[in-house]
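Below you'll find the structure, written out as structure tokens, and then a few comments.
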């Protein structure tokens, strides 16, 4: 393997999608969005064939270009994904890389007055756009969504909300079980806010005026601000934190709004949608810093509780933390492709 | 300072109290308990004088003899306390060191079917025993209670429950704000229980059969088991964990029982008792591993909310973690003695 | 700032250089190497003007393409460098991004029988190649070299060895003071090698057969193997570790070979070369995990000792660790350009 | 097991020894020293029997009274040692607990112009004092020395220096292999000294004026100062650090003085003494924060190198860090007693 780059067996098309739904979004983020569509080997040669589609979404702070980031002695996921098809480890599929970045670093792939309508953008704009331009099998049985971390969250909730679109999912260390994944950040954030008179906007102004992530506070404060913008914004777009920024006391009413977005808690409400899925991949590292291995266990347990068959589920914990686990994605991609192939 | 020991200016009497309330306790722990009563300098010389009393209770896993443990270049608290009076930094007081150890390492100073009646033992046996044998000012205005960690918790709740006995308190890094102090241990415990088929009793049996604290799991599992025995035991003494040991999901009903013992949440219910107190010392280290600095802030905020005057409160955060902060206790001891002196 | 990419004010040319010196290198690494040459704004418009040149080299495990990696809310260095010139914060210069990656992750920019002739490649091939193709000021007074970590090391030693080529340098957290930067890795490596019967080649074979950096051992073992290949290879290319892999005992003779490459120790031997430099930038983060802040202090002290004037030196410690400090590079780049401009 | 205390089957005599050699020691430490002599069960009943003796020495910052410190759910070593004999797990022996504390926290059990003549005090005063007052087998074959950390160091070097006195030793995580156990502290210390203008005496004055160990700097600075006082004091008692306190650069000449006290390096010089020993217990935890597991491996390798038979050596690594390993001592005590019994 050469370290610098790799040739693709398939073809990666770099498009731009002009979103109407994101126009005038509350953060002033671009409504023209990059979109990559990967066409598997053989796509050009066989002009009548239609393909299943896997939508790939990113973790918090991720944006599309970061798929090119190279870790030494490893390959970026789009290259690994290409290799899956080049080696015929899975039936060919179209792979769509979606961008849902915001000024706060992410959108959680939900519609929020605090950030924008990213859920609708994905479901009502990106999906039809892809189906309109590429030879896809445009049915939920042949459409999957996968992601890691916040992308894993998006992969869990999107099919719950839109079983008419998505029939399969893969969540790698997806956000869930918020008492363990989010609450510890509230404590950290409260401490960090001591330097900002308990006012997260003072931090935010400072954060934007200097090099990002040069203060220990940055990661936790960005996370709570960004996720609050997704889960607990008011109608007018203002953001409410789920804890008292002076004491760290969890605010029950706001917390309820967050828990309403906790996949583990959502499962019973969306039981029908979930039981309709053909394939659910769940994994996480046993040392995940956000305890998303526990979240994975809890999500599986909730699925079993509502009667989702173990046949549909692929569950695995592996020894790793939260970061640098992109080597897991080709495994779920291949597995999904087998399940959603015609 | 000689490192090995120190002479007392006052006098430390080592007693044993035979408790009726602890007889037949569920863990089979001794009902004969060591009790130390410290008499300040001058106590013998002035046979008519009566003294205020400060009760000192310990943190989790602490038992009475540990007050003798020596940290290099420091002195044990009983020596520091003696020095407070020897140097006349505070009005003389009797200081009572109470033991409430159990087989799980502590009692949280509550009555529980899981451990025993340690709250009643303290209030209805130890206090009268001391008042009966020593020249005390036997009124709440002259009786204080102080402690650290679980002892700080005990110091917060005991005057809430028994304002007829205690009129002042000092909590050093006292347990409270359980979403930040306890919940992270549930996640750790769930992971550790993977090696015990999610059965904490399998761990407990193993723990008792080998050298304690030689496994990383020991501290977190002892904590959740021990505190559950205090807060969420059934009538028959059996213990219920506040989380699903396979997934870490917090069990709402059991969690409610824990929160009913969270001092921050207890404040409104015991507003009258708390408003009757003459002195409330609250401190914690800014790097407390259990986030009890946030707990301290939250406890103060709750007190203010119910109208406790800032005049009554002494609040301080200092740069330290949770351990090795015994140098803080003489500060609160002296402050309390000034407040509860005749 | 859009997160996905940025337009350049200048122009980045992506070349390939065919090295003769790297042909048949011991690791079988490519002798055709990518090389990026950045031309500042105005370069095209002013066809007679000649420019100073700054060579930029990378840290261990870095290869050329990684300059494109994006950190959220930040920009890659080549974009930051472009901005320096676009905003006219420094006199225009050509910036050359050199690749010296090897199968072990790096070359330390030295000639070694264990890896290849990367020092000579840089000095005798890359520099003439650039001078032959671009309008440079081809004299040491107008040629600088800069880098971070191993790249900082390369930036320190290359002008020592070749003052006829380089007249200025910038080292960001450059490897030096090996008792603190390398020796701790020997201890870690010895422990990790317990799983490999103290045979680093068994680890290496395994490392290459699986996903890299999925074991805790990987980083330390790669580092000691790779640096040993640079500093303590035998004539036949075989590599000797500087410590006994069963006990961690430092091997004095091999260690001497390493110390012969410690910039702090090299300073007296290369006093003349160092005194000839026009500009020496030295910085590091105060929490550098390799203690390279101490190394920076020691390197400056050694320079002062041999009589390098403080006027020539720019020294700064800043609050950071070893990673993610690319925001420092534009500072040294601008400073160097002022010093090496005509 | 009751948590508070335990009855001894044997008898612990608390003596005081008046040392002539420690009179006028450079730090003004007491020359009257506590000394505990443990007499095994049966000692009184059998007035003609003579017993082997095991001398027990402590780790850095330890002083005699700390043997009473209680860890929850565990027992102090003197109680564990008593149990060894009470359960007849080893032939009875006299166990002598020696105090060699200094104002810097320890003496390393060497004679030093910086601290005092603690080696001679142990060998020429304590040993004869014990032999003169108790029924001992007063020969090296029946005299052992054991300790942990700095006490393990003392246990390694004392028999090297005085094989006429000691015929057996046990080192638990004993200080050795200084490149890994001490050098990392030099780096930490250098950083911490930035707040003290690189003057360790400024730190020392401050340290003594406030509560000890409330600053992160304290542990590392105390260690380097204290050990330098033992290993690299001048004749006049002044202390030289083994590194430049501004840069962390190791000072070769002072470092040589330290290495002259590194047991791993001392082995060849004291080969004869070491080959005369009857029993050598070496252990350490695999996660020892001072890498003394590597030190243990290196010490064993050095012993093998000079021809010490494996029959004489008991070697074990166990999963633990450096602290709280007192449960290991009864194992070596019993083993030693078997080896040095008549």
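Each chain gets a letter, A, B, C and D, in the order it is written, and its residues are counted from 1.
What we mean here is this: a residue touches a chain if its C-beta (ideal position, glycine included) is under 8 Å from a C-beta of that chain, and two chains touch if they have at least 3 such contacts.
Computed from a predicted model, the values in this text were never measured in an experiment.
**Student:** Out of curiosity, which chains are bumping into both chain A and chain D?
**Tutor:** Touching chain A as well as chain D, we find B, C.
**Student:** Which listed pair, C-D, B-D or A-B, shares over half of the residue-numbered contact pairs seen at A-C?
**Tutor:** B-D
**Student:** Determine the centre-to-centre distance between chain C and chain D, using the mean Cα coordinates as centres, and give it in whole Å.
**Tutor:** Averaging C-alpha atoms per chain gives centres 45 Å apart.
**Student:** I'd like the Å distance between the centres of chain B and chain C, where a centre is the mean of that chain's Cα atoms.
**Tutor:** Inter-chain centre distance comes to 56 Å.
**Student:** Please work out the Cα centroid separation of chain B and chain D, and write it as a whole number of Å.
**Tutor:** Centres of chain B and chain D (C-alpha means) sit 36 Å apart.
**Student:** Under the stated touch criterion, can you name all the chain pairs that qualify?
**Tutor:** A-B, A-C, B-D, C-D
**Student:** For a test of understanding, state which residues of chain C touch chain A in their complex under the given definition.
**Tutor:** 2-5, 30, 34, 61-66, 68-74, 99, 101, 105, 211-214, 319-320, 324, 327
**Student:** Considering only the defined contacts, which chain B positions touch chain A in the complex?
**Tutor:** 177, 179-180, 183-184, 186-187, 190-191, 244, 246-250, 264, 286, 291, 293-294, 297-298, 301
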